[in-house]
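Below are two complexes that have subunit A in common, paired first with subunit B and then with subunit C.
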Partner chain A sequence: MIRAVWQALVGGPLRAAPGRTLLAMLAIASGIALGYSVHLLNASADTEFRRAALQLSGEAEMLIRGPRQGFDEALYPQIARLDGIAIASPVLEFQASRSSGEPSLKIIGVDALRARELQPMLLAGQTLPAADLFDPDNIILSAVAARTYGVAAGDRLDFRAGTALVTLRVAAVLPDGSHRLPLGIMDIAAAQWRFGLTGVLHRIDIRFDRDAGPAALRKSIGALLPEGVQLLTPEAENLRSAALTRAYRTNLDMLALIALFTGAFLVYSTQTLAMLRRRNQVALLRALGAPQGTVLGVLLVEGALIGAVGAAIGITGGLVLAQQLLAAVGTDLGAGYFRNLQAALHIEPATMLFFMALGTLFALMGTLAPAIEIAGMPPARGLRAGDPDEQVNAFPLLAGITAIGAAALLLWIAPSTGLPIHGYAAIALLLAGATLAFPPVAIRLLKLARLRLPLPHALGLSRLLATPRLAAIGMSSILVSFSLVVSMLLMIHSFRTSLDTWLEQVLPADIYVRAAAGGDTAYLSAAEQQRIARIPDLARIEFLRSRSLLLLPGRPPVTLIARDPGIGGFAAALPLVGTPAPLPENGPPAVWISELVADVLALRPGDPVRLALGAQPQTHIVGGIWRDYARQNGAVVMDLAEYRRLTGDRQINDLAAWLAPGVSVNEASGRIRAATDDGSALEISTTAELRKLSLEIFDRSFAITWALQAAALGIGLLGVWLAFNAQALARRREFGMLRHLGMTRREISAMLAGEGALGAAIGAACGLFSGVIIGLILVRVINRQSFHWSMDLAIPWLPLAALFAGIVFCAAMAASAGAALATRQEMTRAVREDW
Partner chain B sequence: MLSLRHLHKAYRDSGERPVLRDIGLELRPGDYVAIVGESGSGKSTLLNLIAGLELPDSGNILFEEQDLVLLDDNARTRLRRQRMGFVFQAFLLLPHLTVLDNAALSLKLNGVGHRESQQRAAALLDAMGLSAHVHRFPGTLSGGESQRVAIARALAHQPGLVLADEPTGNLDAGSASQVLRLLREQVKSRGSIGILVTHSSAAAASTDRVFRLADGILRPE
Partner chain C sequence: MHFPRDHGSHPEFRIEWWYITGWLHAKDQDDCGFQVTFFRVRPRVPADNPSRFNPEHIIIAHAALADRQLGKLRHLQRAARQGFGLAGSDTGNTRVWVDRWQLLRDGQQYRCRISERDMALNLVLDTLQPPLLQGVAGYSRKGPQGGSASHYYSLPHLRVSGEIRIDRTARTVAGEAWLDHEWSSSLLETDAEGWDWFGINLADGGALMAFRMRNRRGGTLWAGGSWRDAGGAVSNFKPDDIRFIPLRHWQSPLTGAKYPVSFEVLAGPFRVRLEPLMDDQENDTRATTGAVYWEGAVRARSSGHEIGRGYLELTGYLRPLQI
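After this line comes the complex of A and B, so read on.
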């Protein structure tokens, strides 16, 4: 019995038109491929980071972590002497600035003897002569670092400490694969001395005695730690590192899932059409005595098989895609987070199975509703000639409105994990709701409009209005894909426009000078600053000192920016959001916090905040909250004079300079370089260059989203093509009759093209509406919660209009192609098929 | 005037065995004839040739002084639209159009304005006894009613030639007789040429002359 039903319902149609089944599989496959590849890249990057962090922390049970500028090494003997500490290994860990615009290098300074106990994998099992390890001129490089800089053992590498040159000899290159990140290893004392970090440590790795009470020890250690220095487990350290990119990776994962979602809609529409096409066969089988359960089971198994095969194709495609993406743009998909990470793909069978199950589940979900409907239909009704049932059914509309209501409700719920999962769930619900509710409503509105079109379009319109359900199925994939594309366009355009405005405000000077292109070790000394200040070619100068500050528990350190407030003060110089607090004359000094700091610490203008600066933590008042698109971990701005008073630190990293009238950038740059000890290290950029570079980085970061948008659109158009193709084939007799009545093939194609265009226009209009709402969720909820960046809404009218026109045109072409295929058949045969 | 001269047609898939051999027929306005024959005798092929839906291997089809064989597909389509009407066994009404819109379809395809085409179609439907159904959809009609709507559609634009392919094949005896009566009345009253292809002797009996197609040859009965 089952075999006969399978043969009649699945085997036969599959043999007759294998392309349709293949396309449904490809729809799932494309969604799975996108989702799996993005997930694979994210997971691989994450695995590499964890592995690198574990390699560095080694067998340590706890570690003491300070801010980027480190903490006093006097802490080390106090910790090492505590009862219960088996080994304490001091570590210097910093980004060493390089000359000539090369990327900075992470250098780990270790006490080789202690590190051998705690971090045996640091040197990848290599035994180096003691002289090599302790020589202050030597550095050991990971293979990735050697490749990055194009050096081998015995070569020399230049670094910057202040503006002075530090030249080190590459004593050895560790074996390939031992460290995936560019890394340099030095003797701790040599590193302190060569980079001017004498007396500073960044980390102390600890292993406890076996019989020590960890809780009591933690308490003893905690009592010794100064403000801004934390005691962490290696796992917590990992999490802290991962937090940097977590939001970005989660967003990518979600976007990939949305692509999968689009694929699922396509499967839904394909399966619904396939079911409706087979209603006569199902009714016949039921009339011949096939039980409803058997028919339903066969249809569901078919759906699941389509999903499973599609998912298998998708997983294979995803693997290939991930490999290609890894080679082309890296694990961060071009965003620049893991630029130097040499990652390999980590393929986990469990994840593969998950995506396999996801593909099967989505296909099953797409099949379930039409299968239940078709299997439960009374056979007599199914055997009747004519179009599939177009009975008014309020269920989809109600379900759609409920889903939209649930989406609205979810948006009111605050995120529980720090990630906007609720926002994404709201988007999914909104998409589902819009797909169910919008097309029927739009078609009803169109009916009310009582359009009068000339033939042959009047026929197309009347069919569209008379078969809202079929029309809605055709529209659903356009609606979903267009929604996603519109929302992404809206978000990216708003972000880019806001960034452009922001850059204009934060880059008011003519030129910007940095002590080096990157890293922690380059700076300009007080003497150099004085010499620069005396350059007559510069009308005005603002100095800036940036350093890291541990402020937010469980998060990476924020950037403290101490700078000159400028002519109008920080309230005028910073891109503030909201109104600044009135600052009392004799109150605590003000700091200006970025949106991230304000969100995480729930601070508002006028609130007090304690910063671990100088010998004792100081209370400041929040002067205002500003928008910062440059630092993802948050930033605090304070007056440079106040910072110097508190810390005694006279160094600066950057300066902004306004040129005197008639002075060229080249002249000013030359004088600034000449005013420093070694001007070649300086990185000098004009405002236009910085702005261009920033926008380029932005565009690179969002490059992958264009690919996802293109994929979503492609899937959407494929859906339209499938829907119209299926409809055109199902309407061969209608076309045959119209040919008999004297309509040319061209007129029939035009009729279907018009239908396709109208359907796509309605779908795209609904998609535009839901896309704008989703865009608003992305702008106001997802971005705000993921990155704590607010932005102004900017609607890209022209690209949206072009996209709208493009999608309507493509749909018309797809429908027209379907008609051409259907009318190719002999008309005389077509009119003899069952109506 | 319809004139078929020495029509010859063979299909490759039938091993080049001729379906039609040297067919000749002359019909004048007001002629109403039936073509009968066994299944597979070539009746429908002959109908398709007359309608310009297929072309003969040799011979000529002259309709209103135009040789269909010499016309291109677009010109044949235009001729079909303006001067021919079709009635199918399976009615082939558009399910998403009302009865009135279905009947007015051929008029609209010929560029007649909305209001005029609706008025003319309504009058014809009234004559067919369907005035109570004009705003209903085909799915709600009986077979006989559907075929009457199809006849109205075929005649609404006053064609010179009406081709009916088994118009009673899907109908009960009562409906069939009503449809045949109406078809004959309308063809005759309009002075069109009517060709009925049928298996049914009752249907054939409703026409003026009957031709039998056997072994590819058309002979009067």
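After this line comes the complex of A and C, so read on.
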């Protein structure tokens, strides 16, 4: 019996029209391929990050870490002498600026005698002569670093430390693969001396004695740590390095899931249509005695098989896609987060199985509702010839409204920090709800409207209203895809517009000068600042000192920016959100915090905040909150004069300059370079260059979303085509009759196109509505939660209108193409047909 | 030599060591060998580096137990640059330390403390005999050129008592040891490949030491040694008085080095056979000193009778020794 049912329901149709089954498979495959490839890239980047961090922290049980400018080395003997500490390994860790404008290099200064216990793989198991290890002229490079700079063992490398030039000899290049990041390793004494870091450490790695009580030990270590220095586990350290990209990666994963969701929806529509097409066969089988359970089982197995095969194709495609993307844009899909990472794909069988199961599950879910309906239909009704007798079912409407309500509830209870899981769940629910609820509502509204159209289109309209179920399928696929595209367009457009405005606000000067292209070791001394200030070509100069500051518990250090407030004060110079606090005359000095700092510490303008800058932590007052798109770990701005008073630090990293009238950028640059000790190391950019660069980076990091949008649109149009293709078969008699009554094939085609366009227009209108809501969720909830930056809503009306017109046109074409098969058939045969 | 000054460190010399070897016994256990060494080395680095981490002196310490049951050495090593009070060596009297490892001379006693996760030694060594100055009044030549030599004295027949912990099991031990204190700035002649050395606490209370420097062809470059009899009379050996005749070789499965672990030695009036406690007493210290050598407990037999116990050291067998 099962064989017979299988043969009748699956085998026969498959042989007759393999294309439809294939399409359903491809729908699943495309969703899985996108989802799997994005996940693969993410996981690979993550694994690399963890490996790199693990290799550096090695076998340490705990580590002490200070801010970027380090802490006093006097802490090291105190820690090392504590009872219960087996080994303490002091580490210097900094980005060394190159003098030639090449990318900076991360240098680790270690005491090899200590590090060998805790980081046995630091030197990749190589034993180097002690003389090489301790020579203050030597640096050991990872293979990636040697490649980056194009040097080999024995070559020389120039770095910039403050204003001085440091030339080091490459003593050895570690074997390929031992460190995946560009890295230089030096003796700790050599690094302190050569880079002007005498007396400073950045990290102390620790191993405990076997019998030491970790809790008590942690307490006694904690008592020794100055403010701004933390005791961490290596796991926390790994998380720290991954925290930067976690939000970005989660967002990508979620986008991939949405692609998968669209794929699943297409399976639902193809399966529904397939079921409708097969209602007569099913009814016949049931009349002949096939049990309902067998029929249902066969239909579900078929759905699962389609899912499994589709998923298998998708996983293969995803692998290929991931490899291509890795080669073309890197593991961060071009966002520039992991520029230095040398990654290979990490393929795990478990994840492969997961995506396989996901594809199968989605296909099953798409099959379940129509299969239950058709298997449960009384045979007598199913055997009746003609169109499926449809009613607008109240169920989808109710389910849809429930889903939309649940989405609203989720947004209501969404927390303000952490990963935006709530936001994404709300989007999924909203999409599902809109898909279920909007088309029935739209059709009812259309019925009420009683439109009067010229003849062929009037026919199309009445057809649409008479078969709301079929019409809804075409509409829904447009709705789903269009809302995704609209929401992404809205988000990207809002972000880009906000970024552009922001750039204009934060870059008011003519030229910007950085002490070096990258790294922590380059700065301009007080003498150099004085010489620059005396240059007559510069109408005005603002100096800026930036350093890192541990402020947010469990998060990477924030950037402290001490700068001249400018003419109107910070309230005018910074892109503030909300109103600044009124500052009391003799109150504590004000600091201006970025949105991230405000979110994490729950601070508002006027609140006090303690910063550990000088010898003693000081209380400051939050002057205002500003929008910062540049520093993802948060930033705090304060007056440079105040900073200098607190710390005595006179160095600066950056300066902004306004040119005197009639002075060219080149002239001014030349003067500034001449006023510094190593002018060639300075990086001087014009405002226009910086803006262009920032927007380019922005566009690159959103490039992947274009692929997702294109995929969504393609899937939507495929849905329209499928819907009409399926209807065409059922409507052969109608077409025959129309031809009989004298309509030309062209007119029928036009009627179908009009029908498709109307359906698509309704779908797209609904999609526009839900898309704008989803876009709002992306802007207000998801971005705010992942990156802690706000943006102003900007709706790209023109592109949306063009897209709307485009999709309606494409849907019209898809509808007439989908039905072309049926209209080509012979008229008399079509009229006679009674199946 | 002047004591106690010369018990202390001599930072003006490039290399210095306090080298303790001996035999221990514990209740219901086989006798085992032990070795504790503190080295002070001065790498060639600029002295004008203001960093407190500048490795002007490095203290390296080794400890090893020769346990027959295990069949190889239990070995610990620790090294650190002198500074921050975490590692260093005092002048004036013996105190040399790295973290919680320490060798300290206090009155007529040495106190030695080694402590790691897997093993700890806590020993007191009593001096019962006066220092035995090696060579000419403590100036020990190491080659025919005269340019290579060391300042060298020994303290034989140290009485050992204390405690050894392996993993979590502590045992009370007692035994007898030998201390060598040696410092130099030019220890090896260019042609030298390594040396063979032994020091034996003779059962009658006497002390016998001999060494030979080998050239790169495996021949003898130089030799020296001394015998202090039970009455305290010292005879020094001339190079021609000493012959090392290998009896048996053992090849390390770990490094591939081939060591003559048993010798027939002719030294002055002595003709002794050195027989190792066990063959595998290879000491891999590449992580700290860069050297792999054999440092093992041996019994000295003469005409079939055991006449004393001590340690045999074989260096430069994997590759020529570099200091």
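Criterion: the second predicted complex is superposed on the first by the 830 of 835 C-alpha atoms of A that agree within 3 Å, B and C clash if a C-alpha of one lies under 4 Å from a C-alpha of the other, contacts with A are read in each partner's own complex, and residues count from 1 in each chain.
What we mean here is this: a residue touches a chain if its C-beta (ideal position, glycine included) is under 8 Å from a C-beta of that chain, and two chains touch if they have at least 3 such contacts.
Worth saying up front: this structure is predicted, and the values here are computed from it rather than measured.
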{"item": "First (subunit B), second (subunit C), both or neither touched by A:198", "value": "second"}
{"item": "Touched partner set for A:134, first subunit B, second subunit C, both or neither", "value": "second"}
{"item": "Partner chain in contact with A:76 - subunit B first, subunit C second, else both or neither", "value": "second"}
{"item": "Touched partner set for A:462, first subunit B, second subunit C, both or neither", "value": "first"}
{"item": "Touched partner set for A:354, first subunit B, second subunit C, both or neither", "value": "neither"}
{"item": "Contacts of A:86 with subunit B and subunit C, given as first, second, both or neither", "value": "second"}
{"item": "In the complex, subunit B residues that touch subunit A", "value": "44, 48, 51, 53-54, 73-74, 77-82, 84, 86, 88, 90-92, 94-97, 101, 105-106, 108-110, 114, 137-139, 153"}
{"item": "Contact set on subunit A toward subunit B in their complex", "value": "385-387, 452, 455, 458-459, 462-463, 465-467, 733-734, 736-737, 739-744, 827-828, 831-832, 834-835"}
{"item": "Of subunit C, residues touching subunit A in the complex", "value": "43-46, 49-55, 58, 79-81, 84-86, 99, 116-117, 286-288, 290"}
{"item": "Complex contact set, residues of subunit A against subunit C", "value": "73, 76-77, 80-81, 86-87, 90, 111, 113-114, 116, 127, 129-131, 134-136, 187-190, 192-193, 198-199, 209-210"}
